[in-house]
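Heads up, the next two complexes both have chain A, just with different partners, chain B and then chain C.
The block that comes next holds the complex of A and B.
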């Protein structure tokens, strides 16, 4: 082999070497700030409980068996997943038309709509949640307005339950479904819809048969993002959920921070993470299968 | 850009060193002083710490957070606590004390402890409750016809049915209230079955995570009466809110900020000096003026203007119900769990 022939191969090997080294910082970061903390939490979840030390001497599975045999915990887990699913569905129903409009619009007001879409993220989380408390409380703006219009005589329970948490989470996570959808919808060539129309399909049929299927990757990404963020949200459920809207993240923090039960709290956190992984995995498989069937 | 192995190694070393530097800086600081946010942090920054430096020469570093955050940091620190002195409610301090993180103060190094009301100095100087914020019954003056005079009014005055605000169990205020109810209606502050039964009679009630949330519930009118600390209500009054607070005839509760010497801390002499400064009569008076605490120093001057806003001062400090938390530590988690399940 001549030197001229050998050069590209040496260059290629060198590039691969550099690329491998370039991965190292991210790998170190992942191991340091993700894998090791998770390992620590798993180890902590297996420690014996103690009220006279941070944790007891030996190891046990008792925190897992106790939690998994407790209907109260199952109830909170179910509520958390239900809130996550409801927020995801409502966000999709509300967010899709907005993303669609933004993708198609050529109005000079579009940038203003972008600001509206991002507005929930421009206000601090605690401030935003306090604002929802003012709106949703028994004597809040919503109930006062309903009373003033004569629709109700007694205030509706709009917070300290799952409803308040769902409303506030939908508000905050709406941009997280709109933005991936927007990117996806903008990438769909308008020629496809035009071809569908020119072949005689109605506007609605074109949407159902062309645009919606092609936007499935955006729907998948956005819904996973909103679902995961909703089930792991803490501040909003803690402030608006009360006892009737308590979620797993609130319970985990109560165990870890309020009750100083690190082993039991760590076990709950691991259970929550495992359930989230299972649900997201199932959802990915289902949506991937649906996308494969697309024309 | 092509990265050589040497450049990469230098880069990574720098990155790791920069992550380590804050820890080194922390280790070199003389004394890390934990305190709470809001009015507290403002007072510590503007008045207390500059005063401490002037009086003692110590240049402390402030760490703002919640008592439970400080617990987590001390626990996570293992044999090397970031703090040499801990501040937190006495029931929370009791957890770390039970776990062996604290050691007694040397009272010879805290001369102001001799002037502190004796009920706030723990046995063997294992913790001193230096900052006291009494908790009374606060109510809306415009929405309540008959002002409360007793804790029993929560059960007996029909005006308050469904209009009561309480702390949720994660807050010390709820634990204090639970023990008070056990004492008022049961065989003593450990009669939790009776306390749970009586508090359930108050359902439905608004539950709040901290005093600011109780205050918000009062302002919104979701609650018209609530056990809450003087600090919160005086602050609301200063803003013109129609709220008042009374000391029930059976006595008051209090958030007692317990200062403890951390055994694994590095600056124990500075910690003693800091506590001594906190207990100083003038400093206690300044705190009372800044956020309506009750001076724990018996020689702290209290004028009529102060008495009008914070009546639990001087001899009336005896009205504060203090509880023993050593045995409670073993039951705390089960009680919190029970509250979560039953108070819904």
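The block that comes next holds the complex of A and C.
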């Protein structure tokens, strides 16, 4: 817009024309690095397997039918979705109070809390995951602490399963639910809560009837982010999941890299993406009903 | 009967003493305005009454009930905000129903009371609208209805008209005042707009820097201000400095000024020789052309204004439509602002005589 205002009469070009041109760089990026690779993967998933090249000559649906008929893959798909859902719910339950506090607080320590909230993102992915391995392994910090207090005699299985993956993913994705919620909660006028209480509603009732419904957009945005990020995470489940916590991303990489089954791996990736789209779509419809009265 | 008693409340934020020993008695059904510039403590006082702030010391009584430590939801108040604060995810009817549901009013009674109060604020048929579908004035009427439908013991209004445009604001002043009188509800109104406070209130509390400058009826505050700052805050005023030369009666004095001796009215008990300021409102001064031949009848007609006469020169003239505002420079150098009705026959530079009655003056301690 500023470019248009600065040169208002350049060949009588309209605002609209200029604005359209301005999306071109982003569009090129999107097509080049998102749409084209996706098309390649879709094509690859429909190719016949080959031992001499990445994929063979002909086209086939076999990779899809095989995958969808395999209970093992259904199991991993189910586990991936379960981990995603669990991480999302726990992040929401942990993140909402933090966002609420940050939105209300006028203390000067607030900026410190901001840094705490963002801290999981400030440490490299692999380093952070190694730290979790140190904490969660059989003779790791957590188990030793529990043993020292006499609560357990034998170490608890905290990693190489879904539990470890869930814990570590919740840690890293917490900021992704806190930040959208915080923005949302800060935009709600404090007058509304005061009005509610002046009308006789307790703090609790005010929260359920006023604050929570008005923070639905933040909840929706945050939960979708965390869910999508969780089910597509690779490094964390690969390092902490072992075989007991193997997710779809890990399986896909195993197909591609370890087994050299590119078309089958591509089919798995497409199945995973399709399932994610279906789940997010359903979730959007569900939450849209809760938000239909919001401005 | 005292509906609401604010008894010596104090409030500090760190080193800031926001409220200093504020005491206000409010009678049943009275409309009281808290008036003052921003930062004077008026909003903090209102929040203490509502329960959103807790005074450090002092008491707040609703009737005989001590509510100093009660939560807002336990106080039985209705509150109207500058931002309207309507719940955006609820229709008008649901907004109005909110307080009634908390009070466990039956569905039938709720519907009846909502219909009644909507009629009262002239918004029949708007019950299914969302706040965003209403104009600012309509939203504020819904906010008023929402506060009134629960039939609270006190109505608190926090600058409710500040977000409305000038025409609507004038209309709403009378609307709110009329509604308040019909319902007969004790109301406290926070505003920084002196004209608003004047036309709406039974009593005005003029506040400044955490203290009450004056508490009285609009007439008392306008005609008998206790200080120059109150006089300056409410309407326009002129002041002339002088010394009490002689007490002529209980509340009338002769004051010696650089412009000569002036007959004045003032609070009882001012000592001879005390430094004072004479306040005169611009509308109480008559302006006469200095050298014009004034007929006998005119002179007779001016008798009431004839107590005092000062001479000076017109230095400025502002046309305001219904009146002209003249600035007159006296021989002593004081500038006096005068209202002149109708078409202005006086030009800048002309010599004029200013006449005003002793009863239209008021002495302020210097």
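Everything that follows uses one rule, which is that the second predicted complex is superposed on the first by the 279 of 295 C-alpha atoms of A that agree within 3 Å, B and C clash if a C-alpha of one lies under 4 Å from a C-alpha of the other, contacts with A are read in each partner's own complex, and residues count from 1 in each chain.
Methods note: a residue touches a chain if its C-beta (ideal position, glycine included) is under 8 Å from a C-beta of that chain, and two chains touch if they have at least 3 such contacts.
Everything numeric here is computed off the predicted structure, so don't read it as measured data.
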Exercise for the section: Once the two structures are overlaid on chain A, check if chain B and chain C clash or fit side by side. Expected result: fit
Exercise for the section: Scan A:260 for contacts with chain B and chain C and give back first, second, both or neither. Expected result: first
Exercise for the section: For A:25, select first, second, both or neither according to whether it touches chain B, chain C, the two together, or no partner. Expected result: first
Exercise for the section: Answer with first, second, both or neither: which of chain B and chain C does A:210 touch in the superposed model? Expected result: second
Practice task
Mind working out whether A:246 is in touch with chain B, chain C, both or neither, as first, second, both or neither?
Solution key: first
Problem - First (chain B), second (chain C), both or neither touched by A:138 - result: first
Problem - First (chain B), second (chain C), both or neither touched by A:194 - result: second
Practice task
Determine, under the contact definition given at the top, whether A:79 touches first (chain B), second (chain C), both, or neither.
Solution key: neither
Handout entry: First, second, both or neither for A:293, with chain B first and chain C second
Key = second
Fill in the blank from the handout: chain A contact check, chain B vs chain C, more residues touched by chain B
Problem - Which superposed partner A:54 touches (first chain B, second chain C, both, neither) - result: first
Practice task
After superposing the two complexes, find the smallest distance in angstrom between C-alpha atoms of chain B and C-alpha atoms of chain C.
Solution key: 35
Problem - List of chain A residues in touch with chain C within their complex - result: 189, 191-192, 194-202, 205, 209-210, 213-214, 293-295
Fill in the blank from the handout: The chain B residues in contact with chain A across the complex are 2-3, 5, 8, 11-12, 15, 68-69, 71-72, 75, 95, 98-100, 168-170, 206-207, 209, 213, 216-217, 220-222, 329-330, 332-333, 336-337, 340-341, 343-344
Exercise for the section: Report the residues of chain A in contact with chain B in the complex, numbered from low to high. Expected result: 18, 21-22, 24-25, 28, 51-54, 72, 130, 133-134, 137-140, 160, 238-239, 242-244, 246, 251, 254, 257-262, 264
Problem - Complex interface listing, chain C residues touching chain A - result: 50-52, 71-73, 76-79, 81, 83, 85-90, 98-99, 102-103, 130, 132, 143, 146-147, 150, 156
